[in-house]
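Next come two complexes, and both contain subunit A; in the first it sits with subunit B, in the second with subunit C.
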Partner chain A sequence: MRDFLSRSQRKLAPYGFVLPALLILCSVLLFPLGYSLYMSLFRFSIARPFLGQTFVGLDNYIMALQDGPFLRAIRNTLVITFSSLTIELIIGTGIAVMLNSKVKLESFYRTVLFFPVIMSYVVVAVLWRIMMVAEIGLVPFLTSGFAPLSNKATAVLVVILANVWRNIPFVFTVVLAGFKSLPIEPLEAAVIDGAEGLKKFFNVILPIMKPIFAVVLIMRTMDVFMMFDLVYILTSGGPQGATSTVSTFAVETAFQYFDTGYASALSFIIFGIILLITVFYNKVFKTNVFAK
Partner chain B sequence: MKKTSLLVVLLVVGTFFLGTFGVQAAGIVLNVAMEAGRMADAAQSVVPAFQEKYPHIQVQIVPIPYTQYTQRVTTELASGGGAYDVVESYFLMNAQYIPSGFLYPLDDLVTKYDVDMDDFVTSAIAPGTLADSAAEVSPDGQSIFGLPYNSDILMMCYRADLYEKYDLEYPADWDHLYENMGVLKEREGIYGYVFSGASHPATHLLQDFFTVALNTGGNLPLSTDLEPQMNTEGNLRALELFIQMVDDGFASEGTQEYLYAEKNTMVSQGLAAHMSQFMLSAYFALEDENASDVAGKVGYAAVPGGNAICGGWTVSVVANSKHPEEAFLFIEFLTNTENNARLAIDFGNGPVRRSTILSPEFQEVFPFAEELVVALDAGQSQYFNAPTLPIWDRLDQVVYSNLANAMYGNVVPQEALETIDQELARTLRQSGY
Partner chain C sequence: MKKRKFYTAMKYLSLTLLAFMTAFPIVWLFLTSIKTERQIFASPPELVFVPNSASYQYIASSGIMGSYFVNSVIVSLLTVMIALAIGSMCAFALVRLRMPGSGFLASGILMFQMVPPVVLVVPLYVLMSRAGIINTHGSLILAYTASQLPFCIWLLSSYFASVPEALEEAALIDGANMFQIYWRVVLPITLPGLFATAIFVFINSWNEFLLAVNLTTSPTAQTMPIAVTGFIEARGVAWNNLAAAACIMLVPGLLFGIFARKYLVDGLTTGAVK
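This part shows the complex of A and B:
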């Protein structure tokens, strides 16, 4: 290469290599993002282009922060997210510990327990709806008429449980992989120092596993925030908005009501919330998972 | 090595030429967007006969799940990508598509191919012509943008066997129906009525509510000059009737989560005695001996009072289709008398032609045919007073969410109706009306 390129060409060459990737990145990521940000400043609908496009500045953002159903959707999403994550982490870590302790038939359990995560959210939602729907579902039948989807509190609980059931395999798989790749030296040192059982788990293993848990938390938080199919098919956000989430709200706004400008603003608010939570996780775990 | 390279080059070039020119050699290809399930299956079934009649035209039905249908078709039409030549659509979609210029005007083709528009029942033709108002909003002043494909009208499905057992008369009004619900609840222990009271876009609450309201002296949500008018005595009476049904246990608490198909399930499992439902699909669900416990036990009639809400889908040619005339030939074929009858009988597609419904072939299968044609001609939609308004999806949301709030005890009915009028006025104002 040195033989063929002049000094200035050699300086420019790396930029040339990066340029194609940069162009692709701009066209598929940055341009849509920028355009969406631009659209969020307008009142506009792709289904009603004849009504025109009106510049409204930050009105869409202000409207969103005063929009009762959207604020309720944020609250519901936070409840569903943190309840689901708590349960998933406790059960998922428990299963990972169990499978890591040389249990017999480990691969069989791992396969069976992994099963829910290979099902699409649509299938999971349909299954849970069939089980729960009032009068004609399995649960109402077994409980002489209790209708969990008709009650605001239990409907939220059903969404959380369905979400947990679907995603525990992801959590235990990642945590189990973390356990399997733990360095031996600190564990042996801990044993020599007299750490056993829970003491070893909480004081040695968990601190080493912090980056793994941070990754799980960040990925699952983003996943639950973006979860649409499960809620839409299972409850459609009902009863009376009790299970409406930011995703179902934004998708309905964008593709049911076709308020394109407002939906763009909603998506940036959701992005902001996820970003805040991610920064919070990084602070709490005192680790930048993307850097390691 | 050289031979392998040559082979690869030949393969790539060959594939390119086949892909590019192979389709042209086979003729014109029409892509037809249809809601997955009954309507797409029905359309698919006519494709072989159509291709036999027009060998130079190939038709590909693209089934799209209901939950994604509006999203995918609307974004495709808005982008002008040309993925579809024909789409099916309903009232709300057409109120947006026609003024946006997304659909191809069919007036000239209807004349050229002598399509008998008078044969279509009134409520079935309404979505494709925006109840005769399309010319006011279409970019070129034309008036026909779709041919009716599937009609929908709410009629009453009731347990005729129990009516006979307890010597009940089919009611002429909703108070009488309420009495009958009480009798059946008390003696049979089953719910008197099932409706969809869910508060989200997939709900059938509006159809269920207005079918009652139009028969208790109530009215549609907007007047013809776009004044909100929900807060009326008739609408209040209807809303109170729904609340009373829930409070008295005549309707299950589950009504607030039921969707369209789950209403059918409640009746087919013998858990509820009445429902207003879109007729043919209900008939198919309830009379299916493999899936229904009440097959042969259900009566079908116009709802008490006779005024019912209609729905319905039209098939339209997309404005930027490269083959609009061929696309028209397909939708004309799909909706002609012969196919209309066959799709109704084989698939439960709602009939759209008078000649179909009144034919001996149809009447032999569906005993309620004569009542059906009357109901379809008289059917209304909540949009009828302002058919060209393109923001009905937002207005619908205002109405159903507040009605559900009242039905399940969050607000008193009068307050809900007042709120609806205020929110309708605000939404209209914000949209420049």
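This part shows the complex of A and C:
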């Protein structure tokens, strides 16, 4: 197809098409990223510029690894991520199996079950706060006064619940599309066969579905691990830091304590953990999800 | 046979239960928005009550619609237009125009998808403050366009890749240049894909909170999520107003969810399955 084009057009035109995107990506993503890496080596506050910036090398990173509240935030985030993913995958796959067979009112179920995934985390947080909060919540009423958001353990559970509620639709939608794209008989038969059927599900269907589960897992892991809005609005990290996540902790450091250099270092540690998780998944699934 | 019946019964029971658990909190949110303060605090909760539109009237008269809501519409629509224009050109070049380094470029762009928003918000705040563009529509549009471009390009690439190359070759023989092929051949054929991508970018921008709350400081540029969270205050929450503002935020998603679910599902699954 190239022979019809003039020489210069053939050589330069493609770069013209790519240039606007590259300009935006470099100036609004790549440059800020580099700048943040640079800031992470300084003791510096955007709110107090008169204090100047002092080069501290890797001190911010060393400080982070000894910072109790930050380490607790990492632990909280891992707990929330792991629990959410497990529940999302089990219920989401279950819904996909059920919707993969003949269902009356299929379009009704699909429309209702799909809805939460298009909702803003802001609305999801408000909605669960209204359900759970001590003064007016339905759950405190039903449990005669127990307020889940003011208890450390149950506050974490509420965050997981809200997160799972919002994201099951994503899992079942993608898994269902996977089932439909596969040349296998409907799963219903497998389920009805009981133990035999379950064996078949794990031995035959799961291996074929592996690439799809890999993508679901990796997209969901990154999303939950970076979670900010939901926690910030639902619990603000409380009670007593029990639901504080890496993102809420870094944002607090940057925009409440204005410890800009330190916050940059924290955000790069978060980025590093995400890269590690990605490498881990690529090893486990032996597919490079991002090289498709 | 018995087993099959049992399975079918269980299936409908679970689906109905799950649908109820999905819908109930949303319905409860809406009910809260049409209650009075007294009804909200009533214990046991009132299930049958006279609906009251005071919270919506309050929001209509508070100027939220004229500022926050309009800002959300402006920022989301402009982000959609810019991200789609720039993203589709880039995706077209990556998929169709053979150029040195395009493979490297494509994987580089995808790498950006892994950048957590929290890594961006700190330097963007610092740089945009220094450039004097903090608290403008432009600051949000720039940030949203950049953070959504990688996904946008990824999605569009897979739509463009499905266009038969023969069509483009025919256009070439007819004397079309690259831009004409992109504009007259590829874009019209992939219109459903463009639409799916546009809905995605719109909803993501409409819903976004982290960048909005930190890059804007006054109602001249602040968006709906900030208006909603503004009702949560230390000295007490106006629950019905909070719920009403949240319900207003839900409207575009509700419309897309009912009338364009096909495109949403398509966008969600294209990256993962195809």
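Going forward, the second predicted complex is superposed on the first by the 251 of 292 C-alpha atoms of A that agree within 3 Å, B and C clash if a C-alpha of one lies under 4 Å from a C-alpha of the other, contacts with A are read in each partner's own complex, and residues count from 1 in each chain.
In the analysis below, a residue touches a chain if its C-beta (ideal position, glycine included) is under 8 Å from a C-beta of that chain, and two chains touch if they have at least 3 such contacts.
This is a predicted model, so every value here is computed, not measured.
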Task = Could you check whether subunit B and subunit C clash or fit when both are placed on subunit A?
result = clash
Task = Classify the contacts of A:116 with the two partner chains as first (subunit B alone), second (subunit C alone), both, or neither.
result = second
Ask   = After lining up the shared chain so the two structures overlap, which partner does A:154 touch, if you call subunit B first and subunit C second: first, second, both or neither?
value = neither
Request  = Have a look at where A:240 lands relative to subunit B and subunit C in the superposition and call it first, second, both or neither.
outcome  = first
Ask   = In the superposed arrangement, does A:95 touch subunit B (first), subunit C (second), both or neither?
value = second
Inquiry  = Applying the document's definition of touch, where does A:167 land relative to subunit B and subunit C: first, second, both, or neither?
reply    = neither
Task = Quick one: classify A:60 as touching subunit B (first), subunit C (second), both or neither.
result = neither
Task = Could you say whether A:76 touches subunit B, subunit C, both of them, or neither, answering first, second, both or neither?
result = neither
Message = On the A-aligned overlay, A:258 touches which partner chain: subunit B = first, subunit C = second, or both, or neither?
response = first
Task = Look at the residues of subunit A and decide whether subunit B or subunit C touches more of them.
result = C
Query = When the two structures are overlaid on chain A, which partner does A:46 contact: first (subunit B), second (subunit C), both, or neither?
reply = both
Inquiry  = Which segment, 78-86, 132-140 or 186-194, is the subunit C region that clashes with subunit B in the superposed model?
reply    = 132-140
Query = So which positions on subunit A get touched by both subunit B and subunit C?
reply = 46, 135-136, 232-233, 255
Task = Quick one: which bits of subunit A touch subunit B in the complex? Just the residue numbers, please.
result = 46-51, 133-136, 140, 147, 149-150, 155, 232-233, 235-241, 252, 255-259
Message = Touching residues of subunit A toward subunit C in the complex: what are they?
response = 1-2, 4-5, 9, 13-15, 17-18, 20-22, 24-25, 27-33, 35-36, 39, 46, 91, 94-95, 98-99, 101, 103-104, 108-123, 126-131, 135-136, 138, 141, 165, 170, 173-174, 177-178, 181, 188, 191-192, 194, 212, 215-216, 219, 222, 225-226, 228-229, 232-233, 246-247, 250-251, 254-255, 260, 263-264, 267-268, 270-271, 274-275, 278, 290-291
Message = Which residues of subunit C touch subunit A once you look at their complex with the stated criterion?
response = 3-4, 7, 11-12, 14-15, 18-19, 21-23, 25-26, 28-29, 32, 40-41, 43-45, 85-87, 89-90, 92-94, 97-99, 102, 105, 107, 109-127, 129, 142-143, 145-147, 149-150, 153, 165, 168-169, 172-173, 175, 177-179, 182, 203, 206-210, 214, 225, 228-229, 232, 239, 242-243, 246, 249-250, 253-254, 256-258, 261, 264-265, 268-269, 271-273
Task = Would you pull the subunit B residues touching subunit A in the complex into a rising list?
result = 67, 70-71, 74-75, 78, 96-97, 99-101, 191, 198-203, 252-254, 256-259, 262, 265-266, 269, 271, 390-391, 393-394, 397, 401, 404-405, 408, 410, 431-432
